[in-house]
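Common to both upcoming complexes is subunit A, partnered first by subunit B, then by subunit C.
Showing the complex of A and B:
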């Protein structure tokens, strides 16, 4: 008998072809080439490659956020409203700097205006201004922010609302930029 | 890298001088974890000093692997049946009981069955297995078919064994006298007919042939 016979898969004791063997014999073949055996070394290699991919992913996140910071253009100066458009205690919804970021202009006292991004820093629900209680209220999870500074007061949010810097000229209110804050 | 197709293992029990060199060398193979997997069997201790080395015959349909409940014994593409995979072996002894040649050994302290793997680290890179490299009488021979024909002009290799109703083809060849007209070695018959082993020359101990067939 030549050794070529051994190239083929091993023969079952009953001599029948592999297709006619019971399921257990097909699923647990004796032949190394037919069995899906994961060696310890192969598994270690998988772990290594996966963790290397994680490292690369982290580096990519850091680099892309750095690149975003560097290339971020100063947001444009946009006219929001006229002074007499918002009464004391009232608020106005506007979109700044893009149409996707709703912001709130709030007239606290006479000639005292603040503007904040409307997205709650917890899960991006729109916050509602409650001027008489001095807070922004997020109804989704009972989050609260200080209406003057945007600092979180209660509930799940941990970051302050991004503040829109304002400028006044000739009775008109302009948004000039956004201040992201941590706390 | 598989074992070369040209190189085959030939066991010539008639040439065994019982020196135990193969037993010692086997334990020094890198993959054998310091333990020897060859044993030297006496044919008939009372009447003869004749010994025979027992190595794994590397069956085409390995019974040890067939009975393994943990799927731990694997056969490589070149036909070499490996030692049980350490992470899978549950030390249940099924293979030890099932093997018709009595090859697998249970290493209880290691919780692992180990058997001759033809020194796969050596034979897969073209070297001889440890036992074949040290055997002084070349009772264990690893080489090409052409070589063995030249070295043993009066013998021929046979690799079919009969156990009861089951025929087993093996990768390892057993040398039998050339003039005996047998196609397979009937082990069971030899066991139950002791006259065969007593009356024949030592080299024929395993062959189920009647004395009249052989001109000794």
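Showing the complex of A and C:
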């Protein structure tokens, strides 16, 4: 049996070659080799769609980056507490810049306050301040962050906690912006 | 109708080669996407536009390869 005969083991009812058959018959062939070809081609088409989806994802990152820059252009200045409201070693939960962004104000020493976003940079569990040990602790996966800088010290987190910049005026503490950054 | 210059088994080999190239490019895009997302969530915005451009180039290459594949059947 020649190669040509082997490739055309099945003959269409009208006796015409495979290339001259209607599309539906070409797309659903009987012969194994033809079926394999169509399967590979269709898988390649699926990969093409996946490739397009990745480009859409990348475009989404660019758009959300631009949106973040626009919204961060004028960070709101929000009063979060008075200086005597939080004792040394204590902390206060507040929301900044939106109601969906829990943050922690921590009073480390006299006249030394820090504030960070409370979401762990690993999987967004709330971190807990442990001032005496100088760290934020994430109980979900034992992540740890430096309480003064927000830099990850241990566990799965690799990015530092976003820091809330603070301003003091007339015995009041104001949140004025968010500083994000890699460790 | 003009017949393809390649036999079916030859076309099967070609489609396998093209499929492998497209698969490699898609894996590269996956890596680009995760790296860009990681950098973006870490506050580094410098990489997002080059990441989009690189991914777009991969898509165009994939489209070109698939287009060549379609032409093989005509």
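Note that the second predicted complex is superposed on the first by the 116 of 183 C-alpha atoms of A that agree within 3 Å, B and C clash if a C-alpha of one lies under 4 Å from a C-alpha of the other, contacts with A are read in each partner's own complex, and residues count from 1 in each chain.
We adopt the following convention: a residue touches a chain if its C-beta (ideal position, glycine included) is under 8 Å from a C-beta of that chain, and two chains touch if they have at least 3 such contacts.
Note that the structure is predicted; figures quoted are calculated from it, not measured.
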One more residue to check, A:40. First (subunit B), second (subunit C), both or neither?
both
Looking at A:109, would you say it contacts subunit B, subunit C, both, or neither? Reply first, second, both or neither.
neither
Per the overlay, which chain contacts more subunit A residues, subunit B or subunit C?
C
Looking at the overlay, what does A:13 touch: subunit B (first), subunit C (second), both, or neither?
first
On the A-aligned overlay, A:180 touches which partner chain: subunit B = first, subunit C = second, or both, or neither?
second
Which partner chains sit in contact with A:54 here, subunit B, subunit C, both or neither? Use first/second/both/neither.
second
Touch test for A:159: subunit B only (first), subunit C only (second), both, or neither?
second
Is A:32 in contact with subunit B, with subunit C, with both, or with neither (first, second, both, neither)?
first
Contact residues common to both interfaces of subunit A (with subunit B and with subunit C):
3-4, 7, 33, 37, 40
Touching subunit A in the complex, subunit C uses residues 1, 3-4, 7-9, 11-12, 15-16, 18-19, 22-23, 25-26, 29-30, 32-33, 36-37, 39-45, 48-49, 51-52, 55-56, 58-59, 62-63, 65-66, 69
Contacting residues of subunit B [partner subunit A, same complex]
5, 8, 60-63, 65-66, 71, 73-79, 82, 85, 87, 159-160, 166, 169, 171
Footprint of subunit C on subunit A - complex, ascending:
3-4, 7, 17-20, 33-34, 36-37, 40-41, 43-45, 47-48, 50-52, 54-55, 57-59, 61-62, 64-65, 68-69, 121, 158-159, 162, 180-183
Complex interface listing, subunit A residues touching subunit B
1-7, 10-13, 28, 30-33, 35, 37, 40
